[in-house]
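Both complexes shown next keep chain A, but they swap its partner, so chain B is in the first and chain C is in the second.
Up next, the complex of A and B:
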C-alpha cells in the first residue's frame, strides 16, 4: 500500500470523523494482513482502528457479540458453551496471521480463500455497521457482493453477532487445501437444527470454489422437514449443487471444484447432524 | 516522517518512520538484523517478532502499528554468551542448518511457551504452522522445542 500518512485514533467517533474527512483516501487498518493482496497503489492515509476498544466477545441473551477488531486468535481461544467459531479460527492460515487478523477485516473484504464469511453465512450472523446511525445487515445481505460496498464514508463494521449453538443444533466447518497454510480450494459450513428427529432448520454455505461465499438454497430446501441421514444428505446435495457457479482454484477444474464441494457438504452435514443429536 | 514510541527489547525507544514503512524495515535499519526478511507476504515466518506477547509477522506489520506497544526481537531473547534455553536446545539438537528460519522459530516458540509452558507436540505443530524451514525435515526442530516444554521437564527428558 502507498501510505502517505497514518492516524491513530482512540475513540470510535474520532475514527469516523477522520474517515469522513479523508474520504476515498482513507484506509482503515486493524490487523494489516490483507494489504499484500490489495493492488491499489493510490496514495492512502492509514487509519489505525485497532485502538478503538472494539475487541472482545460477550454473550448477551444467547447471542455472541464479537467486536470487529477481535483477533482470530481470540476467536480460537474463546471457550464458552454454544461457541463454535474456534473451529473455524483453527483452520485460519498461520499462528502469526491469526494473532494479527481480525474478524472485521476478514469480513469486510472477501477473498476466495476467506474462512469466516462462509461460517458466518451458515451461522446466520448479523453484521453491525456504525455510521451516522447504527444498522445491522444479515450475513446473506452483507456477503451478497464485496461487503465494503455497503459502507458510506465514515462507516465502520463495529460488531459481528453470532447466535450461540443450543441443544438440538449442530455446526461444522471444513476446508480443503493442499497444505495447512495453503489457500483454500473449497470451504463449506453447515448449521442444522433438529425437532422430533426431523430437520427444523438448516443453512449450508460454500466458499473458495465459488466467486463469492454463498448459501445453497436448493440443498437447504431439499432438507427442510426431512429425516436426516447420510443418504438424504447426498440426495439433497446432488439435487441442489447447480444453484452455485463452481470455479476451480489452484490447479483444479470447475468440474472438480463442484465434485469436491459435493463431498465436503455431505461431510459437514453429517458432522452437524451428529452434534445436533448430541453425539 | 512521524515519530512513534514503543518498548523494544525492554527499553522505550522512539523512531522517526515513514507511513508505509514495515516493522521489519524499521528493525533492520536500526541494526536489529536478527529478524530475517523472507517472503514479505507473512507466509514464511522468518520475520516473526513478539508484539504484546504474541508472535506476529514483521514483514506485513506497519511500523506505525507498533506505536505504544511492546516489541521483542531475537536480539532481546539471548545472545552468543547468554543464549535463551530455546536457542541452546536448537543448537544442541542439531535443529539448525542454514539458520535463516531459526530466529523466527525461536520467537514463535517463545511466544507459545509463555502462553502455555507445558506445550505439547500438537501445540507446537499448530503454533509453528507459519514457520517454514527449507533445510530440515522439522524433526530436530520439534525435538528441540519439545525439550523446552515443562511437559518434558515433568517427564524428566529435558
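Up next, the complex of A and C:
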C-alpha cells in the first residue's frame, strides 16, 4: 500500500464526508490488517474509522448489536448468555491479528480464509450499512459477492446484528488447517433449532473450499423437519453437497476439499445438535 | 556416564549473549547497515531452463539513483562452487557469478545497486531480456533418461577432486560401495523387503534470511559483513569468484539469526563484493522470504530404494541402499550429502553384506545444499521405516529388532572406512554409545508396552506409536580444522578469538565454558570474539556437527597451553616450581602449604613487572574420529481416519550426545530439531507448477509449526563420555531432525495400517491411502 496521508475523524458524519470528498483516493481503515495482502500501489489517504465510537457489543431484545470496529479480541473476550462468536474468534489466526482486525473489516472484504462471514451466514446476521440512509442486508445477500460492491462512496458498515442463541438452539464452528496459524482449507458453521425433537430451523454455511462463503440450501432442505442424528446428517450432506463448487486450496485437490467439507459439516451439525439438546 | 564433576561445563549457565539479544541490542547484519548503503536487488529468470538471447541494461544503468548493474557481460566468468566446504571442494565447479544460461526459475539475470529499494526495483523493470526457452527437467527420473536436456552443457563444468562427474548425463555426483555380497545376503535371508521412498523439498527457514553487506576501505580491501556459517570459506570463494587475492577481503560474521546449513553457501557475498568494488559505496543485499525459498538452498529431495534381508531370529543379512538426490540447478553439496545418506545410517545396524549406490542429479529446480541432518535425514526415513516393515515380516517387535542389531560401544563398521565425505572415510571404533539406554528410557516414557497392532484398533480417531533409531557424526575426520587464540588481560579475563561460528546455537557459550573449565576460571572471565577473518584464526565453520567436538578441542588445547604459562608465571612469583602449583578458582595456589596469586596479579606481573610477555597462545585442531551421537525417538500420533489428519500427541527424544556441555542448550537443540522434523514430516512442502515455478514461497502458504503447535515433548539426555571429545562431549545439533519422518510414518502405520513412503504425510495422502486399503502407488514427488 502506498499511503500518502492519514486522517483520523472522530464522528461518523465527519468520516463519511471525508470519504466522499476524497473519493477513490481514500480508503476506510479499521484494523488495517488487510494491507498485508494488498498489492495496490496507487496513492491512498487512509481514513481511520476506529475512533468513531463504532465498537462494542450490546444485547437489545435478544439480538447482539456489534459495532463494526469491534476487534476480534473483543469478540473473543465477550461473555454473555447466547453469545457464540467467541468460538469463532478463538479460531481466528493469532492473537496479534485478533487484537487489530475488526468484525467490519473482516466482513467487507472476504478472503478464502475469512472466518466470520461463514459464521455470520449460519447465524443469519443482519449487516447494517450507513450511507445517506441506513439500510440493513441479511448475511446471505451481503455475502453473495464481494460485499464492498454494496457500498457507495462514503458508505460504511456500522453494525452487525446477531441473534442470541436461545434454549433449543445450537451453533458450532470448525475449520481445517495444517497448523494453528494456517489459513483455513475448509470452514464450516451450523446453526440448528429443535422443536419436539425435530429440526425446526437449520442453517449450514461453508467457506474456504468454495469461491465465496455460502449456505448449503439442499443440505438444509433435507434436514428441515427431520429427526436429527449422525445418520441423518450424513445423508443430508451427501444429498446436498453438490450445490457448491468445491475448490482445493494450499495443495489439496478439489476432490479432497469436497470430502473434507462432507466430514466437517456432519461434525458441526452433530455439535450444534448436542448444544441444542442442552448437552 | 559422566566421568567428572565439573565447575563450568555441564551446567546450564546463562548464555553469554542472552542479555544483549533479549534487549535487542545491535547484533545482526541488518543492525549495522550504513545509512548510505546502496540497496541490491536481483532480476531473476522467469523460466526454469532458457538461454538469454539478448539483454539490454541501458535503461537501468542510466536511471537516476542507479550506481551499477551487473550481468554476465560485465563480470568475470569463473566456474566455482557455492558450497562452503574445505578446499579442494568435493562439489563441482558448475556455477558462475552470472551466466547467459538460466537453470531454474529464480536464476540470476542481472543485479542492480541503487540508492533505494524502490529505485532498484524500478531499474530491474527497465532491463530488457529475451530468452530462448528450453525444455525444463523437473524430476529425478526425467533427468536420468537418455536424451534428457543437458542442464550443465558449459565446457567449464568440472569436478575438482577425482570423483565421477558426468554433466552431459545430468549426473553431478556418484558413489558406489559394496561390503560383502548384497545378493548373497538377500539369498540368505528368511524375509526380504524392497521398497522405494521419497524425501521431499524443504527449506531451512531461518528467521533472518540471507543478508550481506560490503564496502571498500581506504586500503582498497573489501570488508564483507555477512550472515554466514563459513566466514573463511566465504573469503576464499569470493576471492576466487572475483579473481582477486584472499588478502584483499575481510569477512566479518556478526550474530546469525539461524542457518541450519543454508548459510554454509556463498549465496550473496560474491555479488555484494563485486558491487562494492564497482560502486565504491557500501552495498547491502537481503533476500526476501520468497528469494530465500527459491534462490537460497534447500534439503536435497531424494529418491531411495532400500533392500533389506533378515533371518527369522532377527539377524540382518543384507542392506542395499540406492539414493539418488535431486541437487537442483547446481551440484552444491550433492556428493557429500548423498555420501552421508550412506555413511550415517548404514553403520547403525550390524550387517556383513552392504551395498550403497549414491547419485546426485541436476534438475531445473531450486538447488539443494547443506541442511541439518545432511543426507542422514533422507536415509533415516527409508531405513527406519523399513526396519519396522521388516520386523513385521519376521514377526518381531520393532524395538527388539533394533535393540538386537544396533551398533554398540567397542564395535566398528566397515562403512566408516569405505564412505567418507567425497572420498574414503576413516576407520573408527565406537568409543561411546548409550543407544540401548536411549531406547529403554524413550520406550518407558512413551509407554511402548501398551502399543497394540493396528488391526486391533477401531473407531474414527486411532492412536499409534512409532519409533526410530538414529546416529550422526561429530565433525569430518581428517578434513575439518578449527583453531582458537587465547590471551590474558590485566583483570584475569581472557580474550577468546575463534573462527568457529555461532549461528544461534549458543556455541560461543559452549566454547567459553570449555575454556573456562580448562583454565579454572568462571564463564564471565571469557570474552568471546567470533568470527572475523582478519582477527580470528581459521576454522572451517559451523557445519557437520563439528563446533562443540572440533572447535571445542581447539579451545581446550589453547586453554591448556595458556594455563601452563599461567602456572609458570605463578611459580616465578611464588618462587617455587610450577609442578608445586595448581589452578583453583582463578588463582594459582600451592598444592601444599600457603601461598597464592590471583589471575589478575599474574597478568599484571607478566605485562608490567618481570620477564614480561603476553600470556596467550594459539592452537589448531584436526580430528581423527567422528564419534556419532545416538538417539532413539518415539512418537504417539492420532489419526482422524475420516479426514486423514495426523496429530502428534507426544514426542519423546532420548539422545546420547556425550557430556552435554550446556544441558539446556543441548535440550534446545534436540527440541528445535524435532519440531523442525515434525513439520517437515507433516506440513512442509514445495508446490511447483508444471513449468518449475514455486507456488508457495511464503510463510502463509508454506507451513511451519510455531510454538502454539508444540505437542507434548520430552527430551531425555542420556550422557555417555566420549573420551576423544572435550570433557566427553559429542555433537547434538543435527541428529534430532532425522527422527520425526520415520517415527511418525511408523506411528501412522501402527495407528491405522497406512504405510506412507513419500513425505509429507498430508491429510489427503493419509486419506487416500486409507481409501486404497493402506498404500498408495509410489510416486516421485517434489
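Just so it is clear, the second predicted complex is superposed on the first by the 279 of 279 C-alpha atoms of A that agree within 3 Å, B and C clash if a C-alpha of one lies under 4 Å from a C-alpha of the other, contacts with A are read in each partner's own complex, and residues count from 1 in each chain.
The working rule: contacts are C-beta pairs under 8 Å (C-beta built on N, C-alpha and C of every residue); 3 or more make two chains touch, one makes a residue touch a chain.
The structure displayed is predicted, hence computed values, not measured ones.
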item	value
Chain B versus chain C as contact partner of A:251, first or second or both or neither	second
Contacts of A:32 with chain B and chain C, given as first, second, both or neither	first
Partner chain(s) touched by A:99 [first = chain B, second = chain C, both, neither]	first
Chain B versus chain C as contact partner of A:164, first or second or both or neither	neither
Touching partner for A:48 - first (chain B), second (chain C), both, neither	first
Partner chain(s) touched by A:226 [first = chain B, second = chain C, both, neither]	neither
Touching partner for A:90 - first (chain B), second (chain C), both, neither	first
Partner chain(s) touched by A:180 [first = chain B, second = chain C, both, neither]	both
Which partner, chain B or chain C, touches more chain A residues	B
Chain A positions touched by chain B in one structure and by chain C in the second	94, 180-181
Residues on chain B engaged by chain A in the complex (per definition of touch)	2, 19-20, 40-43, 45, 48, 51, 54-57, 60-62, 64-65, 67-68, 108, 112, 126-131
Touch list for chain C against partner chain A, complex	642-643, 645, 679, 682-683, 685, 687, 696, 700-701, 703-706, 708-709, 762-764, 767-768
Chain A residues within the chain C interface of the complex	94, 176, 178-183, 250-253, 256, 259-260, 263-264
Of all residues in chain A, those that touch chain B in their complex	1-6, 8, 29, 32-33, 35-36, 45-46, 48, 50-51, 73, 90, 93-97, 99-100, 180-181
